[in-house]
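Following this line, the structures themselves.
In the two complexes below, chain A is the common chain; its partner is chain B in one and chain C in the other.
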Partner chain A sequence: MALPLKYNFRNVIVRWRSTLATVLGIALVVAVFVLLRALARGIEASSANTGDARNILVVRKGSQAESGSIVTREHFRTIQYLDEIARNERGEPIISAELVLIVSAPRRNGTGEANTLIRGVTPRGMELRPQVKLVDGRWFVPGKREVVVARRLAARFAGFEIGGVIKSGQDRLAVVGHFDAAGSAFDSESWMDADEARSIFDRENYSSILLRPADATAATNLITRLERDKRLALRAEREVDYYSKQTMTAVPIKILAGLLGTAMSIGAVFAAMNTMYASVASRTREVGTLRVLGYSRRAIVLCFLIEGALLAAMGGVVGCLLALPLNGYATGTMDFQSFAETVFQFRVTPDLMLMGLAFSVIIGVAGSLLPALRAARLPVIVALKSI
Partner chain B sequence: MIIATFIAKNALRNKRRAALTILSVAVSCALLVTLLTLQREMTIPPESEAASLRVIARNKVSLAQPLPAKQLAVIDKIPGIVAVSPFSFFGGNFREETVTSFAQFAVDPARFQNIIVEGKIAEGSYDNFIKDRNSCLVGADTLKRYGLKVGDQMRFTGTFYPANLDLRIAAVYQGTVDDRNVFFHHKLLDELLGDPGTVGTWYLRVESADVANDVIARVNKAFENTSAEVRAETERAFQMSFMSMLGNVKVLIGSISTVVVFTLVLVTVSTMSMAIRERFRELAILKALGFRRRELFSFILAESFGLAALGAFVGIGGAWAFWTFLDLQTLTRGFLVYFEVTPRIMATGATVAALLGLFSAIAPSIAVARMSVVKGLKTLD
Partner chain C sequence: MTVPNIVTIRDLTKTYQQGEINVTALNNISLDIEAGEYLTLMGPSGSGKSTLLHIIAGVDRPTSGECRVQGIDVTRLNESDLADWRNQNVGFVFQSFNLIPVLTAFENVELPLLLTRLSRKQRREQVNTALELVGLLDRRHHLPKQLSGGQEQRVAIARAIVTDPALIVADEPTGNLDSASTQEALGILQSLTRTAGKTVIMVTHDPKAAAFGSRSIHLEKGELVNE
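Now for the complex of A and B:
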């Protein structure tokens, strides 16, 4: 027969001082673990949110990011009139040759400069990305050296507010609007006219081509066709597939989360063990009494394991609550593929919190296993005699 | 000596608890030292005397924007410069690798020789490198990591440039702060790209540290109001700016370190309180025998300080040994070369541990000071 849970719960409450210290300790470990995972989750989410399953992105074979890709004008001319590409109501092919550039800009908080991405887009390119919506100001007018900036990016860089100026060498680009890209990778970009960008930045070629095939069969055909054409040396893939691979930046953060989680949990296991040993030691007589009353050794082990798990789970809950306020907090770091600032948000999702909770219970059980076994092994007579 | 023995016996009376406390302090100290080192490595690039004489000039727009090759003629005329070479990051993936695990730069070998002066040729000869347009100069670390030797071919798939490289190893260098890079002929790159007339950056060495700032100003001024304005800065400043692009990572590591310290305090304070509460009766007897509060406090302090110090010794020493004797480069696959636990960082860790010992003695001492002897003698727990 198992001991009632109430017994464990009351015991945890009655020793509130050591309980509090252990709970807080475990809470901090869980909070750090959950937050780091939330950070990695945020980076992955911004990639996962990007792209339309119907679109195809064409980049140079071998390039890892759009900013390092080159698509020549001849390539564009070749691809532009392929039959597989869908046409809009005016009969124009839905294809956009774009230029992705890196411009260094000063941070708003005065901690130096960082790279930002500027995308030269075309009207077709904007139609292909309906998740990008203007939230403030107006769109750029080609030929007037105007740029529209992602609102989230504008919060991080000086001069990115409406009416501000982005300096690029001798050129000045006026910021005329802010857009919101619904948490996608475009939230780290500034947009301007593609041909104007080519002339200002002195680029003969484009970086990438985004297009919409007529249907699913056309999409598959187009991908194989471009893949096979050795003269082009281009790689075509679904836009969503391309972005799902742009998550290299999350890898070191995940590794850090794993390492820190492990190291800190070892410390937390020691702390939990200490508390549980003390708990067992001060209850030696109680344990003896329980044995006399007929509770089996197994029941005693289970009882202390449950108590340790309960203690740790309380820590886990507190830890998740500590991490929760940071959900949605926007931050940024350098993307390892484009070498430009990428803006993303902490994502403390329910499954991450569940993971944190499970993590805390594991700490609790690991920490209370040895003390529980010790309690169960106490000879009844000796236990009853102890004070 | 009697008092010292008394304290030591008390501390080790509950051996299991003492061991657990020492171990948890040790784990936390090791973690703290590791985090501080990581933060240092990420914010301060390794320093070298030769690096302070080197200047990197990039396009003012950004590092990714190329510079016209014809700028060389102008830079050559600027006084105070010993040598200048084009310096273009190739960003190729070695063999079948999918990430750029070490850097390759296109340089002018004859000019470059006078720029990395601290590098020593370990194998092969620099002259062979100059003579053969399809050869390369490889860092000793990379050579060792892949088990290569002079005469081997190295194949790279270009990720930034639409070109692939196939280079023969002509010489091996070592003795610079980063012995991982591969250098090859800029002429080869030009050829592969169809002579675009551009370079990535300019790499130059100045006569002395005194003139460095003047040279930087002169280089910047020389290209003002041209179509390719230049931003020159010392190699160190350049690396710092690269690291500052990592943004909030530094703050992140800083806050994690704080949390670790806080957890450490919690654990030790709780253990000390447990140890003292268990001993209330004895302490009451000591009080009754005539020991004063001050003396009782010093007993408790010595005990908690001793435990914290032992934990710190194990943790900090362990972390130092781990990071010093570990072959980091093989383990992190070339991501980390230097992970130096400096004396300063160890001192920080030790200070935290010392404060911890002091801090965790306070709460139990107050409890002991407040207790009345009669009540203390009655305590059972």
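Now for the complex of A and C:
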């Protein structure tokens, strides 16, 4: 039978100075671990939230992102009359040819300029994205040089407030409203009228086409048809699939999280080991006494492993609490697909915190293993004679 | 009527290496201890009395020879069996009390019982009985640091008897006590042999402490001198 948990708990409390140092050390490691993953999770979530399973996005074959794609007006004319496309109550095909552009804008915090995405949309394009809702001001008027900016993006760029002006070369776009895109990738965009965008930015063609097929069979048929048509050289895929591939932006952050996590956890293991070695050294006679009373070597090993895990779990809890206030905090990074600023929120989810806790316990157990074995291997008589 | 031996020692030798010197701690010792005896082991420092006590209690192992306690040769038990055997058959009293500082008197006394199959209620009853026997039931929720030296040693005695072992070994149990506490502790050990039939083996330097015993043996340079 193992020693009672209160024995470990009280020992951890009694040695509060070394406990505090170790707990704080492990807490920092766990906080960084959780936050880096919360960052990656936020980027993934913003892409994952974006698509509608019923929509199909058409881009040029070989292009990685909409901003690097060209769909000609001829392509659009060909596609919009295809039978597979659903029609609204007015009998119009639900299809939107859109233009995606990159405009450089000054950051609000004065750290220079960054690229942001401007999307030229049509009324159909807005119908296809019901998650995008106006929260302040009004929508742009087609034919006018007006733009509606994502609220989260507005918080990060100067001139993106209502009444502000977005400059691009000689052109000026008046900000007339803010929208909220429910944490999706559109939260990193500014929207304006598609034809006006083509006119201002002097573009002959579009970047992409978003459409709604009549049903699932029509969707499959349409994808096959567009893929097979060699003249078009277009790629059609479900909108959700397109955006799930955009989560590539999270990959470098995940790699960084892995590298930093590994390096810091090695340090934390040594910190835990140091504390546990000190703990074992100061309790050698206690270990001898427990052995005399009949506790086996295994019970002693288990006792110190539990104590190390307990110590580290305390650090894990503190680390999660340190990370928690950043939950929902919006920040931005460069999207490696579009090379424009992408806005997302830290997502410190319960499962991430559980991962953080498990991570801390692993650190604790790894750090306690050698001290625990040392304690258990001591001959009883040697342990008893220790001062 | 002859009283059965609880401990039978034959040709017991213990040598160990100290640097490059081979030290003989016990040299071919043979000894019988009857059940219910209060035996005191005396002798100068380094005479081997503590080594002998540790071997009888299954804490140390001899180099050669036999040590039977209640018919079991403890020198032949493996580490795990020896730990179980100690838990069930031997009670220990140390010079420095060796109480666990973070546990209360009750929890310290309960420690050996956590290795048994007794229920929580049975354990509580046995711990209370042991603490009552040493007169410290009212201090059961105190931590060792809240007790005097004499009280700590009485808690240690309660821990030694709580599993109801046949054999109680005490290594200089009064070495850290004042004279009043010494009398108290020795009195309790004496009453254990007289009223409960326990066998007590005690190592001591102090002739006054040895006077509490029913028999005293002396060791010098690892050998018995005047049994």
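Just so we're on the same page, the second predicted complex is superposed on the first by the 387 of 387 C-alpha atoms of A that agree within 3 Å, B and C clash if a C-alpha of one lies under 4 Å from a C-alpha of the other, contacts with A are read in each partner's own complex, and residues count from 1 in each chain.
One rule holds in what follows: contacts are C-beta pairs under 8 Å (C-beta built on N, C-alpha and C of every residue); 3 or more make two chains touch, one makes a residue touch a chain.
Keep in mind that what you see is a predicted model, and the values were worked out from it rather than measured.
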Worksheet item: Of the partners chain B and chain C, which touch A:202 in the superposed model: first, second, both, neither?
Response: first
Discussion item. I'd like to know which partner A:264 touches here: chain B for first, chain C for second, both or neither.
Written reply: first
Discussion item. Per the contact definition in the header, classify A:286: touching chain B only (first), chain C only (second), both, or neither.
Written reply: second
Practice prompt. Check whether A:4 is in contact with chain B, with chain C, with both or with neither, and answer first, second, both or neither.
Written response: second
Worksheet item: Which partner does A:381 reach: the first (chain B), the second (chain C), both, or neither?
Response: second
Item to complete: Could you look at A:216 and tell me whether it touches chain B, chain C, both or neither (first, second, both, neither)?
Response: neither
Worksheet item: What part of chain C is in contact with chain A in the complex they form?
Response: 54, 57, 59-60, 79-80, 83-84, 86-88, 92, 94, 96, 98, 100-103, 107, 111-112, 114-115, 159
Worksheet entry | chain B residues touching chain A - in the complex, by the definition given at the top | 16-17, 20-21, 23-24, 27-28, 30-31, 34, 59-65, 91, 99, 157-160, 162, 164, 225, 227-229, 241, 244-249, 252, 256, 259-260, 262-264, 266-267, 269-271, 273-274, 278, 380-381
Practice prompt. Give every residue of chain A touching chain B within the complex, in rising order.
Written response: 17-18, 21-22, 24-25, 28-29, 31-32, 39, 60, 62-64, 67-68, 70, 101-104, 107, 111-115, 168-170, 201-202, 233, 248, 260, 263-264, 266-268, 270-271, 273-275, 277-278, 282, 331-334, 339, 341, 387
Discussion item. Give the list of chain A residues in touch with chain C in this complex.
Written reply: 1, 3-4, 6-7, 10-11, 14, 285-286, 288-297, 380-381, 384
